[in-house]
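Letters are used for the chains, namely A, B and C, taken in the order the chains are written, and counting of residues starts over at 1 for each.
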């Protein structure tokens, strides 16, 4: 994958790598303003200010416990599912605060999809039912439309050819890599603008991981992707922008090439060269 | 040295064996006597005829009918309220109220059943001046509720959280997610309901205070009704050998039904664990 | 605790320091042979040794990249290693070229050595600075090398002009011109080495 032209690093010019093809639908950018997150009294995120550009892959890296998973769970309001969890600050999607009064948590989650670390297809549903679960569980009944959407999404994740003759099989009967692609298809089916991925490849073998990384690179033409990964090489391969977090604070954020060639912060340098701890 | 340890080993194993035998003896004796004494009483007439005059052994059809009726109506109370309470505790009750409800559920499961009978006697039988089917069903139903609640809550606890997360992340409303969780715990919930039904089938004490007994076939919701447990009691303490034989027959039928339910449950759970792996 | 990569990086560093030392000696021996007469046969061997070391550096850099995926300062170091080792290799090569001029032209004892010696002094100073800057990763020192390069360039042009103007003895004129050219190229490489050191530490690309 060739790296496009370097820009001055202020994020204003996006290189050839990031061109939208014809007919690509734009995802939404996300603006995070002074975000703090708590588990009860314990603070997990400290004043995070971050701009996630649309139609790009942004990776969050950092050592365990740095808050990267907490951060993305705040974006789609999954953080508040934990008892006693709370949040302050703003997260703007298309300029509208997802924590503001005008948006319901479930509305937010319909516009921001999520893929989890361990593939979690619904075990008592078939493959095609799994893909359109987001639609069916929200009341869509039209079988034609559901089948069409299932086919589209399975094609997008390159699973259609592998499973088209076995759509009625249980979702759990696929291999790990296939299951994860199924979960991605399921997230795509509700037509979100943003896709959040929490360490999507950590439970997969290298071949499956490579397929998913290639898929992510394609997805960004239509969606904004935010991926949490503990594998720095994955971030350097897949992401256009990388954010480094440590102990709940955002230490550095910039174009991936810059972060991995000449990071500005000493802490970032120490983490990515493995001199931590 | 080794032979002494081997000896100790064998003594301990022997002791355990003896204890098991002692434990089984009453159970085996019951089964033996019930079968030997009860089987002769079973005939078509047992199910089709009503309580005979003393010294004539004819039938207990009304008791069988009464038991089926009482248990049937009880499940209409016990299962819905029990399952919904179990769902509440598991899905909505991560707070003090939920924990309290769970606590009371656990306590009531072990409560002496005659207390439920007493409660219903005061609340229903007294004002309506008499034993009734309604009173009996309410007593048995109320007795069922805690059992089903606790069993449902436990079954739902076994459903992995990844399913709830996946559903919530798709923007599915909370109630629909809970429904999905229940459908994943179908067999666990069904098992709980079946075991609770088996349990109340043999409850005698509450019925004595609420449904009373009757020598007639069912003749009205607000009239007393016969039931197998109450007849076992009444006929069993009578001086008439024919009636005593009928009592054995009733005991036999009851044990057969309860065993049947237990075996069904066992078969269902084994099939599930085979399939799930 | 040392990282897995550190072994490779340390080996690269010591290879470069060895090259630094050999190349510095080679240039000194060549200049010595010019000023005092004499042969300096060892320079040829040293030049070959430098070539072999340069190849080792190249292979080891590739191995470190393939196996350890270096990033940030480690990556900048590995990239620069190749450029810097090339610089040291070139020092040796030019030293050999100077010795070959001496061999070709024979006895130069009656030539005016002032021009060459003057430039040689500055050049050798720059070589020393480049070696030190690399060994200590001294950015300030590295940046001073470029300034010296301007001095060497001026002195080179000046001396070439004066040498051409003489027209006295073709042998002296030509040999001096050739050697001055080599010295000027050595000085250029010292500058490049300084810029690489700067890049390793600060990440700033040299403005070419």
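Just so it is clear, a contact is a pair of C-beta atoms (placed from the backbone, for glycine too) under 8 Å apart; a residue touches a chain by one contact, two chains touch by 3 or more.
As the structure is a prediction and not an experimental result, all values here were calculated from the model.
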item	value
Dominant interface by contact count, named by its two chains	A-B
Middle chain, criterion being Cα centroid separation	A
Chain centre separation (chain B, chain C; CA means) in Å	95
Whole-Å separation of chain centres (CA-atom averages), chain A against chain B	50
Chain A and chain C, separation of their C-alpha mean positions in angstrom	51
Interface residues, chain A side, partner chain C - complex	232-233, 236, 260-263, 268-269, 272-275
Interface residues, chain C side, partner chain A - complex	3, 5, 69-76, 203
Residue ranges of chain B touching chain A (in the complex, touch as defined)	94-95, 160, 162-163, 165-173, 176-177, 180, 183-184
Contact set on chain A toward chain B in their complex	76, 78, 81, 83, 106-111, 113-114, 116, 118, 120-124, 133-134, 137-138, 183, 186-187, 190
